[in-house]
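For clarity, chains are labelled A, B, C and D in written order, and residue numbers in each chain start from 1.
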C-alpha cells in the first residue's frame, strides 16, 4: 500500500518536473508545510542494506499505526498520506530523502533512521528546516533538540534497569565489550557511571570494530579477566556472530545487554542455547505477557503474517505516531510549531509496554523498563519492572526546551568523572 | 599472554584468511577475472547450508548442498555472463559487483532479513581457565585439506594439466586439442564451489544474513594480492603471514590494531614485492639455483 | 615455438611471472634453452675470443674522443643463466655497426642493456662522456639514444599522425608542431596515411614509422633490432635507404640483423656475439670469410 | 565570419582526437545544455538545485577517475580516499577556525592536502614499480585502512583541535562554503551552491579537455597504451603517472570538499568498499575514455538510484544491478561513446556533415 502512495507522489513529482518551471515554482509556494487539507507523514526506514533487519519492523509498525488511525477517521478528519522511501541503510541517501521529504513532499512530521549516525547525519537538515522529527531507536542519550523527539529509551534508562539487577544477582566485577563507535563508547561510559552508582567495578573494557566477526581473542580476554558478569553492548549483524562463538567456546558467564534481542531478535534467529543467560534492559519485547501487549502483537501479525519480530523501535514508532495524532487533534492543526508546543506540555501515553509519559521539556519518554531474561530454550521471562524517567538531560544537564531553543547533544564525559575515558 | 590462546587464534585466523581467499584466488589467478561478487558467492553457500539444515538435513549433508548450490550458480553465471568478460578485467569487476548487489537483495526478498541460524557443533577445548571452540580450531586442518586437494587437482590430474596449459597459452592449448572454453567454465565452477564451501563452513559460526559477504571480501582481496600470482602457494603463505600478524596484534593491542596491522602489511608487501610472497619465493629460489 | 635469440631473456621472465599455478611445480622452463646447448662450447670460444677483446675501458667517450658508446665488462645474468658475459663493446660517432650472431648469442639483451630496459648485473656503460649504467630508459633517450624494437611496437590505436606527434612534440614548440609532424611523416613516406590508426598500417609501414619516430627524437645513436625481419624485398630496400640516409645525417647505428645481405648493404663494421661474449669484430668482408664465424652459425642452428 | 572564426579559434585548445565532441555542432549543443543547467534552479527551485548539486559534485569525482583510468590506464579503486581526506580536512580546518575567511581558505588547503596524499601514495607506488591490478588493489586497501581507522575514532581522545572525529558517526555540522568577510559574506547553499558546483564542474571538464588534447595528454595516452614504448620516446612514465595521479587526487579532493559542505557532514563510509566501487561504475558505464561520458553517466545513474530509492521498492537495488550488468555486457565501450558513434553514423548516412572528420589534424 505504501508503494502505491509513494508511486502517486512520484508520478506527481515527474509531472511537475516535466511542466514549465514557473508552474512548479508556484506549486512549491502553495503546498506549504502546514496545509490543512492533508496530513502527510514521512516514514524513512531501512528496508534494505545493513539495517534492514531493524528497519523493516519499524516500517511495518508505522504502517499499522497509520492504518489504525485512518480507520478511525484519520487526523483532523483527513486521511493520512505517507512518504515512505527506502534509504537502503545509506546515510547519504538519508540526507537526500530527508530534504525531499521536507522540501518537496512537505511532510507534517518525520520518523527516520535507525542508527545514531543516521540521526546525526540528518539532524542539521531537520533543524535548519525546523521540521518536527521523531527518532525512535533506543540510543546513547543526551540529544537536546527543539525539533527532535527521542522516543526510545536512553542508555541510562536501559542500562539503569539491567545493570543494578546484574550487580545484585551475580556480583560486582564487570567486563564491558562494546561496539567501537559513538553509541558503544557512550554506552560503555554509562556502564562506568552506573557501576560507580551501584558500588561495582569495571575490571575490563574492550571496544570491537563493527566489521569484526571473529571473537576468539575477545572470549579469551574475558576468560582471562574472569568477571562476575559481562555487559555486552554489541551492535549489528557482524557482532551477532559473538553469541554462537561464545557458546561453542564454553563461555558461560552471565551477560547483560541493552543492544541485543529487543532490536535484532537474536533469540529468535539463533539456535538455542546461544542466548542462554543473557539479561536485557528494554522498554519492550514482543514476549511481554500483558493482555494489552498480546492484543497488539496479534494485530501486528494479522497485518504482517510473514513478519519476523516486533522490536523495541517498532513499538516506539507505533505509539509515537498515535501520540502525534493526539497532539494534532489537540491543537486542531498540523502546524508544526504548535504541535511541538503542545507536546512540550507533556502527555500520558498508553503504549503496548504499559502506561508511559512524555517528558515535555526534554523531548524524551519515561519508559516502563523491564529486565528480560533469555533461558536455555530461548524462552523470555520478565525478571523485573520499573518506571525509569530520562534523567541525564532533565536532572544532570538541566535542559529545558520549553524555555530555551537548543540543538545540542550532551555527553556523560562532561558531567561524570567515571565517564571520562581520558582520565584513566 | 597464553601460548595456546595465541596458537588457537592463529589457527582460526589462518583458516579464515585461506578460506576467504581461496575461491577468489583460483578465479583471479587462473582466469584473470576479479570477482567482486565473491563475498556474495560465499553468502549463497552459507544460505544453502543453513536452509538445508533447517529443513532437517544433517550438517555435513547440508554443507554439501551449500557447495553444490553455489557451484551450480557459478556454472549458470559463467555460461550466461562471465564468459563474455574474459580479457576484460575491469569490466568483469563492475559486472561481478552488480551481480553481488543482485544476489544480496535477491536473497533478502526471497528469505527475508534473516533466517534461523545453525548452532556451532563440536563443543569446546578447555585448558586452564580458557577454552576455545573446537569447530573453529578444526577449520585449520580443513583449510589445509582444501589447499592440498587443490594441489593434487591442479598438478596431478589430467584436468589440472589441461587447465594450466589453458592459462599459460590458450592458443597453443587449443591447437593441442584442449577445449579451452570448458576449462574456463570448469575453473570458474571450482572457484564458485570453493566460495560455497567457505560459506558452508562458516554458516554455523557466523551470522547468516544477506549482507554477510562483505565481511570476507577485504581479507580475501588482501590475501590474494599479498600472495601473488601463484594461487596455492600464495594463499598459503599469505594465510600464514596475515594470520600471524592478526593474532599477535589483536592479542597485544586489540582487534582494531589487528585489522590495521593486516592492511598495512598488505600495502608494504605489495610495494616491496611486486609479485607478492610467491614472487619472493621465486626470487630466492632463482638465486639459490643461480649459485 | 620459434625461439629467436631476442626472446630468450624475456621468455625466462615471462614464464616465471605467468606461472600461476603452484610455484613448486615447474618454477622455470626446462633447462634446455637454445643457449644452454650453445654454451657447451663456451670454454673453447673464450680462448679464441680474448684476442679480439679491447683493453678495459675507462670512460673513454665524449668530447675529444671518437667513441660515442663504450661498455666495460658488461654482464647480465637471468637467474643461473648468463646472457651477456663480460662484454667490452664500443661504437664511434656516426658509425653504422651491425651486430650478428646465432640465436641466443645475447644480441637483444645487449641492446636492452644499452637502452636501460634491463639493468646490468655488473659492468658499466658509458655514453658521450656520461656513465649511464644506472640511468632510466627515458634519461638515456634524452641523452640521445633511440631504439626500434624487433616487433613493430607503434601505438596501434593512435593514428600515424598521433604516433609521430609523440616524438616530435619532444623537440618542437607548439607553433611549429603540426608542420614538423607532417615533415617527419613525409620523410618516411607516410604523410598520406596520417589519419590511419597505426595498427592498420602494413608491417613495413609500421617499421618505417617506428624508425621515423625514433629519428624524430634527433638521437646521436639509434638501435635497431631486426628492422627488416618479415619484410618484402621492396619494403626491405625502403628501410635500407632510410637507414643509410639517416646515417649520412650523422646518426650512429647499432643494427641487429640476421639477413647478411642486408648487413652487407648498409654496414661498415660488424661485431659477432656468441654465447654472450664478443666473438669477432671486423669488416663485413673479413667476418664473412671467417671460418670460426661460419662454424658457430652452423653449430648453433 | 569574423566572429565564427574567433569562436573557432577559442574552441581549438579544447578539441582533439582524445575527446568526443569536436566541431561546431558539439559546442553549440554544449552551450545550450549549459544555459539549461544554469537556469535549472530558477525553474525548479532550491530543493531541486541542491539535489542536482550532489550529482554534479559527484561528476567531478568521476572526472578524476576518468583522467587516471581512462586516459592513463591506471585503475585507482581508491579515489574516494582523496575525496574523503579532503572532506575531513575541510571539516577540521573550517570548524577549528570558524569564520568566513577560513572556510574560503579551507577549500584550497583541503584540496592541497588531498593532492599531497596522492603525491605520497603515487610516489610510493609508481616509483616502486607497482603496476596494473596491484595499483587497483593497493589504492582500495588504502581506502579501507582509512575506513577502519576513521571508524574507530569515536573515543573522546580522537579530537583535532576542538573537533571530535566522531568515529563511525562522522563529523556533523560542517559549515557551508562562505565567500567574503563579515557583512558582505555570501554563504553557498541552495541555488548558490549549485551554481558554484556547476562552475567547478565545467571548469574541470574544460580544463581536462585542454589537458588531454595537449602535449601532456598525448604522454598520458601513450602511457596507457604502452609504458615501455613511451619510455623509449624519452617520456618519464613514472612522472607522467605521478602527475596524473596527483591531479586526480586534487579533483577528487575538490569533489570531497563540495560533498562535505553539501550535506554539512562527512563520515568514514566515504572510505568504504561500497562507495569506493561507485565511481568505477559511473566511469565504466559512461565510457572510460570519455570525459563527457563520465559526467553524463554519473548524473544519470545517481538520479536514477535516487528515484528508485524514493519509490521504496525492494526491487530498487536489483534494478540498479541489472542495468549495470546490461550496460557492461551490451555497451562495453560505454554509453556515451556508443551514442556518439550512433550520431555520427546517422550523420554520415544522411551526408549532412560539414565538419572535418574526427581526429583530423588541423
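Convention: contacts are C-beta pairs under 8 Å (C-beta built on N, C-alpha and C of every residue); 3 or more make two chains touch, one makes a residue touch a chain.
For each chain, UniProt lists the protein as follows: A = Leucine-binding protein domain-containing protein; B, D = Branched-chain amino acid ABC transporter permease; C = ABC transporter ATP-binding protein.
The model shown is predicted, which means the values in this text are computed figures rather than measured ones.
Annotation of chain A and chain B: jointly contacted by D, touch as defined at the top. Centroid distances built from C-alpha atoms place C farthest away from chain A.
Interface comparison, B-D versus C-D: the higher number of contacting C-beta pairs is recorded for B-D. Averaging the CA coordinates per chain and comparing them to the mean over all protein CA atoms picks out D as nearest. Chain geometry summary: the mean Cα position of chain C and that of chain D are 43 Å apart.
Remark: chain B and chain D have CA centroids separated by 34 Å (rounded to whole angstrom). Averaging C-alpha coordinates per chain places the centre of chain A 37 Å away from that of chain D.
Within chain C, not a single residue touches two or more of the remaining chains. Within chain D, residues 148, 152, 314, 317 each touch two or more of the remaining chains. Multi-chain contact residues, meaning those touching two or more other chains, occur in chain B at positions 105, 108, 218, 256, 259. Across the complex, chain D meets chain C through its residues 17, 215, 218-219, 221-222, 225-226, 228-237, 357, 359-362. Touching chain A in their complex are the following residues of chain B: 2, 5, 8-9, 12-13, 16, 105, 108, 112-124, 126, 129-136, 204-207, 209-212, 215, 218, 247, 250-251, 254-256, 258-259.
The touching residues of chain D, counted against chain A in their complex, run 39, 42-47, 50-51, 54, 148, 151-152, 154-157, 166-170, 172-173, 263-265, 267, 269, 306-307, 309-314, 316-317.
Touching chain B in their complex are the following residues of chain A: 48-50, 52-53, 56, 180, 206-209, 211-214, 216-220, 223-224, 226, 237-238, 240-241, 244-245, 247-251, 264, 268-274, 306, 308.
Across the interface of their complex, chain D is touched by residues 2-3, 6-7, 10, 17, 20-22, 24-25, 28, 47-48, 84-88, 90-93, 95-97, 99-100, 103-104, 116-117, 120-121, 123-125, 180-185, 207, 209-211, 411, 413, 420-422 of chain A.
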